[in-house]
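Residue numbering begins at 1 within each chain, and the chains themselves are lettered A, B, C and D in the order written.
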Amino acid sequence: MNRSWALIWAGISIGLLMLAAAIAPEHLGTIEPDRVLKSPFEVMPFGTDTRGRSLVDYATQGARVLALPALSAGVLVALFGVLGGLLRCSGSERVNAWIQWVTEIVGALPRMVVILVVALLLPREHRSLFPLAWTWALLAAPGAMDEAAAVAQRLGGSRFVEALRAHGYSASRIFLVHVVGYNLRPVVVRQGAETMMHVAFLEIALSYLALAENQPSFTHADSLKSWADLLKLGYPSLIPSLDYNSGHALVLGLLLLGLVAMSAIAIGRAARAR
Amino acid sequence: MLLPMVVPAVITGFIWSLPGDPASLICPPNICGGTEALARRWNLDGGAVQFFLGWLIDAAKLEFGNSWRLHQGLPVLGLLTAAIPTTLTLILLATVVVVTGGVLAAKGTLPRQADPAIRFIGLVPALVLALLGAAFIELTYGFDSFSSSGQFARLAVGAGVLGIADGAFSGAVLGTRSTFDTENQQRYVGVAILRGELPIENTLPNVAPALIGQMRARIVHLLSGSVIVEVILRIDGLGSLLWGGTLRQDFGVVLAAATLFAVVSSVLLVAQAVLETLVALHVRRSPRIQVRP
Amino acid sequence: MTALIELKDLAIRTDERMLVEGVNMVVQPGRVTALIGPSGSGKSLTARCSMGVIDVVPGLVRGELRYPELDAEKDWFAGLHGGGQQAQAKLLADTRALRGSYFTYSPQAASSALNPGRTVGRQLQLAIERRDTPPEDLSAEIGSILNDVGLGPEVASALPGSLSGGMAQRAALAIAVAPKPRLVIADEPETGLDPVLRRTVVELLVDVCKVHGAGLLLISHHEDTVARMADDVVRLSGGGE
Amino acid sequence: MAFKNAIRALTGLTLATLGTGATLAYFEESIPMSLNPLYAKTMADYRATELVFDRLWFHDAITNELRSRVVQKYQVAEAGRAVEVTLKTGVRWHNGQTLTSKDLCFTIKAMLDSRTPSPVAAHYREFIAACDARGPQTALIRFKRVLPNPRERLSFPILPASEFSSTAISPDLQFSARPIGTGPFNGKRGLRMVTFDAFANVHHQPKLVQMQLQEGGDPLVQTKTLINNNVQGIVVVPPPQRPDLSASDDVSMKSYDLRSWWYVSVNTNNPALSDVKVRQALNYVLNRTELRQYSIGVKPGEKNSPCEFISGPFVRSSPYYNASVPVQAAANLSKAEALLKSAGLEKLGGRWHANGEPITLRVGMLANLDHEAPDLLSQVANQLGAAGFDRLTSKISADEWDNSVMAGKADFDLVIGKWSFGLVEEVNELFSSSGRQNMFRYANAGVDAVLKEYDDAVTDTEQRDAYHKLHKILSTELPYLFLWKLDTKSAWRTEVRGNIVAPYYYFTEIDSWSVDG
């Protein structure tokens, strides 16, 4: 996938996600007993669930659950990355050492464990994907800062800045355009995109586990369906002997996951330096 | 090394920073026998610090009390001791998968043409692979899927899922390879070839610290993934405990399980430090020379 | 007497251009052979090829390589022409045993050419272990070799990173002679050294090889430095066509 | 074969001795949270503890008359303020010791101990004053007031004094997982299943050697597993699965009368909902026929449907049910609209507003009811939406239900739930202004008065009349919108014989159960 294609793909996918989130209905449609578990060929475009409701609503509501938290988490990580890079360029040894230390500690914690503990301690009324997504972002941040710092190091850190100063560039121009714009961009955007993907996967995992135990979701209002609902609905079709024809839901769920992954890659590629 | 303490400390901080009575947060009175009894049990009256220390001391004495809700009445210690070996086996097997990937990459056995495929596999989230794995287990083992062989199959499949999903395997392969590629551009490697030595003999000690660091990070990642895998594949490990405890809000279980995860992680940190020292010693090795008269 | 290396009509190319063409070289034992030519004339390439290391594609176009002392007849390049990378890899593997024992290599700019992750002593030890008959007292042997190149025993426990350019060059030389090779191939040993040091290093090189009864293939673009001490001279005109 | 495996697999059930007739494996709604009867919360808990413990008195599953397996004789004393109980001799606990009056009094003292945070105990604290042992097998149980028929109310399980260090019994004692009772089976809770091993006794001779309780998981899978004889029973079969099972010759469905009814309780503290007119309007908004059809799958006009509408807090078969109060089966939106307008609400842009603000109703439903009535929550929400109310819906976990909803701390406006009667059909706790189960602290003087009438009643007729009045008041007051009685069905393999199912407690007659080889 070359850069311009990546750019287009990234744009489209983010656009689609946002659009889906925007048009997602507040509640699922009414039950239609006469079109239960219809395949996409019978009921366009995605088929129906066990109550005869179109899976389109599942897809859009799932997008709505993810879109903003994932995006914000991605941006957060990217910003942290930029910060890390700039700190290395404005090279205060103590700060950098401190970053190293934090990275060590945070990096040593299994993320899922932290997420679950946060989920446990959050009061019900505050339960949503946002706090979890941001926790994830915070856990991912040190890594991003580290990588960005490494890039800055390769540039020559503070010496690079001095050199540009010598050329008479203004500090803001040096940091924003040369350091961030030209050099950090590829790294931090890729990190951000990966975080978005991970948050999406996290949501689906948490929702699925809650569904499997018939518990209220950690991540979204129960009036909304997560993409995990598609996996849950489609899963029995994996065991042929159950002759449960909900395969289309599984396919749709996997398709959406695939799209998320592809988009993350695309965004990363799109941000590559020319 | 203070990681195991950090975790309960952070959790404690969280509880006290949240609105509402810590006692009822830890376990609602109508479950845990009145706040006084509860306060005494968890020594909450002395505030966060005393609670934290009290818990640490009990933990040091391996006193975790009994489960409130998840497995009401069963001693948490018992649950943990049953769970730890399972999870460790799971992680160990998964690590084997990951390490194999690293070794194959280092030895160049894996063709670079396979990289796109490997990268793609790395994108698959653990949940999806775990679901497929569960279906597989149930189709093959069926009714005996909780017999010892079934249990082992769960572990094996779980380890496979862990080792492959979420970029574990691909990360190991690509990471190791790029590390070696960068090192092989060093001039001394070319010279080593002209001296009739194998490049890897020369580069390995120099890249070892980097590889060890990467591997540690990957194992931590496996730990994190084990939660999902254990729940989906119904493996009774630490992850299942943590998840169940979270759902049922069984504070004692969650605190203990989370801390144990932290313990494992810090053991990994220690292991990393030890290995790095060993490498340093290996590098400094040199025959003693006695000066001739 | 039978030659150590016999290179006939060597021609190597990349996809773009000819690197060397029509190179003939015979290296006799116990003598100093100088391989001279301007930069980019393919000296190092020729030297590497004569050690069985070809790392350009498509690589060998013409040429024969013989090590008459080992086998008067065998052409090591046989089957290599157009054989591609597999063939090159095979040659590399076949000749590995020879490199570092039959002939050894002393690199230019040694400070960046020595493995930073091994002490000088360890590198010497590994080199000595390549001999057919190991010395009864290893550490004494290492000490004497270091002594021959004018380094003190304390250098043995040093990592290359901590050595000066000159010391590194001497260490590299020591490592090159340690296996008691029939031939030492020294690739521009004088580069990166100041004129005074340059002379001493090259002289040292020649002396040490003489002492250890090894032939020397001296690659250089400084005619003046080498011409005086070379017994035979091979000139490369520079570049292909 | 692959099919069998798949099914077995999905259930993850492990049975060494399947089909030997010795062992009975069955699916429960969920694995019991506690085997300590004082902490039984879910119906699964109650059913499990029934296998391990003896209740002092219980209703015969067939004749419905009061019986006891542990009481030799009894007599009412102190003019109805006490009862003297003599226990059978030779009844052994699972730990080998014999049952004495000491155990009986210990149980009562434990329940009276305020440090025992058990809802079950709290219920008995209401009317039991004390217990003193009069002899090895004889004890006198004193009440706080005269009870019309005390045995009706003494249905608590008896705990072994020897197993506890004090009368303060906490749920996290190991007893909750490894209980000791006098019941027909000795229960052991594992991580994924509970095994009950038969324990022959003077008062119990179970025919089964072992029972194995498994958590059900996906209803679809449970059904297939039962049909394929990899498990012998399912305690609760959700309506969607019933057709499949009744189609199979190897399985027989059994009605399990939970004496339970479904409701939508209304938060009368919400300014808008505090107005009775609005509550009545909501009652007209709900289209019960449609809910029943879409959620449970009862076709309109279906004969002997598993789900009958109710107009008050009792099941129709109950003597307390006031048949003169009509049920609201269909919606009547025009009536609803009129009522809402008269309550001072105005409809702007299709949404109802109370003094300028749009009304948003927060609707909650106990999560695990979703199996029995799939999508009921979203359907109710849809109907409210169609009638012009904004709404937020959320499932409520079992824990949250206990700790927040039942503690009156729930931030909901409407809560969908199911009420199941225990031994006595009493609803005072739900509607009395001081009731422990009164989730929204609903208070109404008239209602309290009627409830007092019930409490003071000394004859059954007086009690019935009081509750008939209550039913009438509630049908207009509507602190709850009453939905229906949904009868629960179990399914057992036909090889399972003598499987009499007792209302509510289910396994009361387990001694008579057997499995053909």
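For this structure, a couple of remarks:
Criterion: a contact is a pair of C-beta atoms (placed from the backbone, for glycine too) under 8 Å apart; a residue touches a chain by one contact, two chains touch by 3 or more.
Please read all numbers here as calculations on a predicted model, not as lab measurements.
With centres computed from CA atoms alone, B is the chain lying nearest the middle of all the protein shown. Of all the chains, the one whose CA centre sits at the greatest distance from that of chain A is C. Note on chain placement: the centre of chain A and the centre of chain C lie 56 Å apart, centres being C-alpha means.
Chain centres here are Cα averages; for chain C and chain D they lie 91 Å apart. If you average the CA atoms of chain B and of chain C, the two centres end up 50 Å from each other.
Averaging C-alpha coordinates per chain places the centre of chain B 43 Å away from that of chain D. In chain A, the positions touching at least two other chains are 215, 239. Shown for chain B are the residues that touch two or more other chains, namely 138-139, 247, 249.
Looking at chain D, one finds that residues 2, 6-7, 9-10, 397 touch two or more other chains. Touching chain pairs in this entry, ordered by label, are A-B, A-D, B-C, B-D. The touching residues of chain A, when paired with chain B in their complex, are 104-105, 107-113, 116-121, 123, 201, 204-205, 208-210, 212-213, 215, 231, 235, 238-239, 254, 257, 261, 265.
The part of chain B that touches chain A in the complex is made up of residues 3, 6-7, 11, 14-15, 18-20, 25, 123, 125-128, 131-132, 135, 138-139, 166, 217, 220-221, 223-225, 227-228, 231-232, 239, 242-243, 245-247, 249, 251, 254, 257-258, 261-262, 265-266, 268-269. The touching residues of chain B, counted against chain D in their complex, run 28-34, 37, 65-69, 71-75, 82, 137-147, 234, 236, 247-249. Across the interface of their complex, chain B is touched by residues 2, 4-15, 33-36, 39, 114-117, 119, 168, 170-178, 189, 191-192, 230, 397, 399, 402-403, 407 of chain D. For chain B in complex with chain C, the touching residues are 187-188, 191-197, 202, 205-206, 283-292.
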